[in-house]
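One structure coming up, written as structure tokens, with questions to follow.
Letters A, B, C, D, E, F, G and H mark the chains in the order given here, with residues in each chain numbered from 1 onward.
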Amino acid sequence: MKKLSIRTRVLTGAVAAAALGAGTLGVASASAGQTDTPAAPAAVQADTQNRNLAQTTVLTTEAATRAAQAALDAATKAGQRVTVAVVDRDGITRVLLKGDGAGPQSPQSAERKAFTAVSWNAPTSELVKRLAQTPNLKDIPGTLFLAGGAPVQAKGAPIAGIGVAGAPSGDLDEQFAQAGVAALGK
Amino acid sequence: MKKLSIRTRVLTGAVAAAALGAGTLGVASASAGQTDTPAAPAAVQADTQNRNLAQTTVLTTEAATRAAQAALDAATKAGQRVTVAVVDRDGITRVLLKGDGAGPQSPQSAERKAFTAVSWNAPTSELVKRLAQTPNLKDIPGTLFLAGGAPVQAKGAPIAGIGVAGAPSGDLDEQFAQAGVAALGK
Amino acid sequence: MKKLSIRTRVLTGAVAAAALGAGTLGVASASAGQTDTPAAPAAVQADTQNRNLAQTTVLTTEAATRAAQAALDAATKAGQRVTVAVVDRDGITRVLLKGDGAGPQSPQSAERKAFTAVSWNAPTSELVKRLAQTPNLKDIPGTLFLAGGAPVQAKGAPIAGIGVAGAPSGDLDEQFAQAGVAALGK
Amino acid sequence: MKKLSIRTRVLTGAVAAAALGAGTLGVASASAGQTDTPAAPAAVQADTQNRNLAQTTVLTTEAATRAAQAALDAATKAGQRVTVAVVDRDGITRVLLKGDGAGPQSPQSAERKAFTAVSWNAPTSELVKRLAQTPNLKDIPGTLFLAGGAPVQAKGAPIAGIGVAGAPSGDLDEQFAQAGVAALGK
Amino acid sequence: MKKLSIRTRVLTGAVAAAALGAGTLGVASASAGQTDTPAAPAAVQADTQNRNLAQTTVLTTEAATRAAQAALDAATKAGQRVTVAVVDRDGITRVLLKGDGAGPQSPQSAERKAFTAVSWNAPTSELVKRLAQTPNLKDIPGTLFLAGGAPVQAKGAPIAGIGVAGAPSGDLDEQFAQAGVAALGK
Amino acid sequence: MKKLSIRTRVLTGAVAAAALGAGTLGVASASAGQTDTPAAPAAVQADTQNRNLAQTTVLTTEAATRAAQAALDAATKAGQRVTVAVVDRDGITRVLLKGDGAGPQSPQSAERKAFTAVSWNAPTSELVKRLAQTPNLKDIPGTLFLAGGAPVQAKGAPIAGIGVAGAPSGDLDEQFAQAGVAALGK
Amino acid sequence: MKKLSIRTRVLTGAVAAAALGAGTLGVASASAGQTDTPAAPAAVQADTQNRNLAQTTVLTTEAATRAAQAALDAATKAGQRVTVAVVDRDGITRVLLKGDGAGPQSPQSAERKAFTAVSWNAPTSELVKRLAQTPNLKDIPGTLFLAGGAPVQAKGAPIAGIGVAGAPSGDLDEQFAQAGVAALGK
Amino acid sequence: MKKLSIRTRVLTGAVAAAALGAGTLGVASASAGQTDTPAAPAAVQADTQNRNLAQTTVLTTEAATRAAQAALDAATKAGQRVTVAVVDRDGITRVLLKGDGAGPQSPQSAERKAFTAVSWNAPTSELVKRLAQTPNLKDIPGTLFLAGGAPVQAKGAPIAGIGVAGAPSGDLDEQFAQAGVAALGK
């Protein structure tokens, strides 16, 4: 029964995570940038009725669209032309909005920032700093270590990433991405 | 001065097209499915102030988003789980909305249907019929000859494509795509 | 408030699906092969505490590994050398086991069969038949219309796909894939 | 009516840009290299007759060919063997001329330089300098941060990029690219 | 000395081909469509001063550009919006001209038609017919079996291919491609 | 101890295969084309000193080169210009020889034919026939169902594939590939 | 007979390697990190009965699965959510286990770490150090120079690689990978 | 007649190059590493009988195979397990020999080194030094800036590249590549 006990550990861990992770959906906490923190509790929870199954928390399309639109609105208000992407925890694009006049590099840039943010559960502006210690992190396929990506969390676990690209600085891009995250709390 | 005369012909043609193409933004006409029709007048118009430039008509992001949302709403109302894509005349994705529960095959399927519709300026349900005569059309990279794609036209020229994928039949997908096109006329 | 009402419809639909889908994890039912059936209820459920979130049902890694091993064991017992893949509802590979002596074509073949089965919630042997009516379905990227893929369902919704490749016939491959599905019910 | 107001802002911004951008087609100004400048006004303008549409300014094929030929001529006159690419604002190649004896690396290099120049509306020799501050910009797919790319602007907005590759230094490549841009002003 | 004798055979064959191939640069002859004809004599000739070397005949960039422009002119004159590609015997694109208003599918389509024509030294309208006997030829990567591609020959050997895409029928596309070939004979 | 017993079955099967497979390296037998034959015994054998290991039989580079050269020689003697590829049981190219004047489509075509032959342990001319019953086999990535590929076997198991492409018919290509296989028996 | 003598050298070398390589399956030795060491003796041995053949040592699927499971167990015990990959000496994935809640970047990261470890027969934590001297090693396609990969050796030769990704530091990932290697010695 | 004069310049340049380039096939000269040298005279020469055509010098397959075998022999003699690639001036692989026991990273590494050497007509050990001045050269697709690549020249122009990968240092790899070049002079 070794394998079952493994599974049990997994589930126990998940339940513990759920218990610890009392926070609600929100902006990544400042501590997310620490390299040696234990992995963020994933948004996976045991299904008490079937040992084969677990429940994963995801954004609805409606929420993802609302967040993306809010990010785009923030950029437009600031006079910037950007693309916004929202990816889920599997790195799959849920919503993409390429704004009027956004550059041809912006869609892939936005998707990769979102992918990076959800992968490490931290804003990409924080993740860039980790390269000082581990420069080759940026060679992992699908990632982009440029400010402009922000994770969406549920109970502390990353469930989506919002990426923005096209503004003249990554800090602006990330400000718009955070506006997208913030729209989920309204 | 041979080259200049070429340019002149192009522009003349475009102006003529504009004159002929009195129609407004709308659903592809039934005749779009005919293989031997001269190429649809492109949405390119001479810039009278600079001989190097032309003007191309594009959907705004706001309009593309509205169309995509309308297509997704139509699918949701019908109890179907789909992905909707809007691509521009260059085949670049402007908006992507992956609906709740839409299958993993649906994003690429939707994008390719949209790409196919805007390439030939016809609904993909019409384009499928052309394969009877020219079966290898479907080997052109980026295309997908399945019902579910609809072109968006301005003055008869294709300026965008809307693709929907995920419903149990392509006819349903295309009905939702057409709902997206229709939303532009409201 | 139009968008919120959309979201409500989605969630209502999901709840209804959950109510209807009283079945437990199991082999795809025979009716799965019908083209015009409404889309299978996705394994997405409203989160009653946060309108932005939904819950998705997934296989645990332990269960996915157990299913893959069971499929490989069935093939080995039959003297066949195969690769087994288990993909989730997003089409992402959860488990891959390339058996001893399995051919070089078998990993991609297994992954694509699994992808195809989970995309349409039906065994690929059934899906092959749909090509008679809609031959270009097989041009959707990532798919492979060959027997050997089986969906894993929870309450009628597809949550994973198991693909097997390498045996001299697809029917054998699918028999092994179904052995993998069956192992989840033990 | 929130969304319409968004659209209005976009269009207002574009009109303002048009008013400000009194410059004609020309070489990127020196200030293009500044990282924190607001995004260049895109070559998108409101369509006063249909709120869904905007007008984008593009190079004609005749002009793009003339520019590419001029760049190639300049290289040939200097005894250099190069490839020249002209891409539009969507990053799509409009013209490619692979010169006699140009190396196998030159086509992709030329296309990427052109893509990079049109993406940030600056010569790539300027853009290389931005890497001192933001080194990972160069990880954005499709880009190449080597001298040799020059943007083509209409009223200050980037509408195309010209990339040259194959000369022994990027400065030479860029000199030829600028000769291509200059040919548009004759 | 076995290997040297092999080389000798190669060179002898090439010399013989040169002797036989008295024809000048021109349109592919009708017999090019025959499947069982010995391979066309390649444009490779022994270098009498160094046994390691051979001479290959290629189009100059000037000639390739002239041919492409002629094809584009022919299409424009006929009111069609197309992309024209010229590839060399290695399948590498030498010239690409994407015409005003040509569809997004046309660049890859044109390049593949050109690639296919130069690979088999026959117009693609002829090559399509070969699929009746060998349908899977069209699965070779890089090919496209649609009318619109024409080979350029020197002494009977294929040295380039011209592909045109975007007109409402492949026959029209090929007529323009042949106009491009014809321009080389003027 | 279930897993160990699985392993034991594998190894037993492999030993049995070795016992049965008394044949030496040679051309694929005619029966290789049968679809329902049990999978060919793989060239994998238990390592009697370590239960974790198995021994796989591979061609030496010297032998693979000799076979490829023999295939190329046969083509040259017949006046054909081809590319020859030898891939191992993992589908990895061991040797590639692109002959003088071979077309640009021939390298990928040769590699895929070799890949296909070693995957199903049969000449591709035989495998083409299987498509009558299972047409979508040809959609498996990396394969090409055209005559011209031949498996290399050791004790009945496929250990390599030789693919030839470029002759005017696949039958000729395959004749050259078989000449390559035959060279291994000398 | 020059080529035969080459072959003889190869085989002699291999036999010598076998004689020297008396070690058993185990963790990469410390000296593996030295850049100038002669290449590790490959797990290839002459076949005394057929000069065309050699024997390669590979992990059985059972062993690869056991190692992967052990690595995943170690990560789970440490509260980390990771993906584990085992690749063979050809770089082909034999086993992939994506753990519950592992990030979307982890599968490719794990596969590349495993690929890198088996390519240079050293833990990736050692290989990272080599970049100080040869920074561009990391540009070789398929590699990833991040701690977390460990080679599996047979008689000193690399026969597989185990890669782990997803923990907050590469050192943790590699500790789990080494746990996978260790499980092969039990 | 401007274009004809352009062509004339090209041809004149080529003839001049031929006159200057009296050297025979050989190792790249030391000066090849200088960044600001005018581009190497390409191996393209005017065809005096047809203004559309030029002659390109290429290696015969026999010569390319001989060079590759010599490089592999040199590596084997040194006890190293490597892959050798020979690419032509278009960057297309002419010969690939994956040696016994060569690592999975070696084929792509060898091809890219060869590609890089022929692109800049210098040994890759020299080209690496250029990165000190122009670090982003290494971002050009298809290149690899690691020692181990050597150009093959005819009259000073690059006509092929030989790449070797797999030895514990790039210097060794390049020594073997140079042995391949040297074999062409025998």
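Basically, contacts are C-beta pairs under 8 Å (C-beta built on N, C-alpha and C of every residue); 3 or more make two chains touch, one makes a residue touch a chain.
None of these values were measured; they are calculated from a predicted model.
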Q.
Which of these, E-H, A-B or B-C, gives back the F-H interface, meaning over half of its contact pairs coincide by residue number?
A. A-B
Q: Tell me which of G-H and D-E has more C-beta pairs in contact.
A: G-H
Q: Indicate the whole-number Å distance between the mean C-alpha point of chain C and the mean C-alpha point of chain F.
A: 32
Q. Per the centroid of Cα atoms for each chain, what is the distance between chain B and chain F, given in Å?
A. 45
Q. Residues of chain F touching 2+ other chains?
A. 6, 10, 44, 54, 60-61, 65, 90, 92, 100, 104
Q | Interfacial residue positions of chain D with respect to chain B in the complex | A | 3-4, 6-7, 10-11, 24-25, 44, 47, 50-63, 65-66, 88, 90, 92, 154, 159, 184
Q: Show which residues of chain E lie in contact with chain F when the two form their complex.
A: 6, 9-10, 13-14, 34-39, 41-44, 54, 87, 89-92, 115-116, 118-120, 134, 136-137, 139-143, 157-158
Q: Using the touch definition up top, name the residues of chain D that touch chain H in the complex.
A: 73, 76-77, 79-81, 100-106, 108-109, 112, 128, 131, 138, 144-146, 165-170
Q. Which of the residues in chain B come into contact with chain A in the complex?
A. 60-61, 65, 69, 72, 92-100, 104, 107
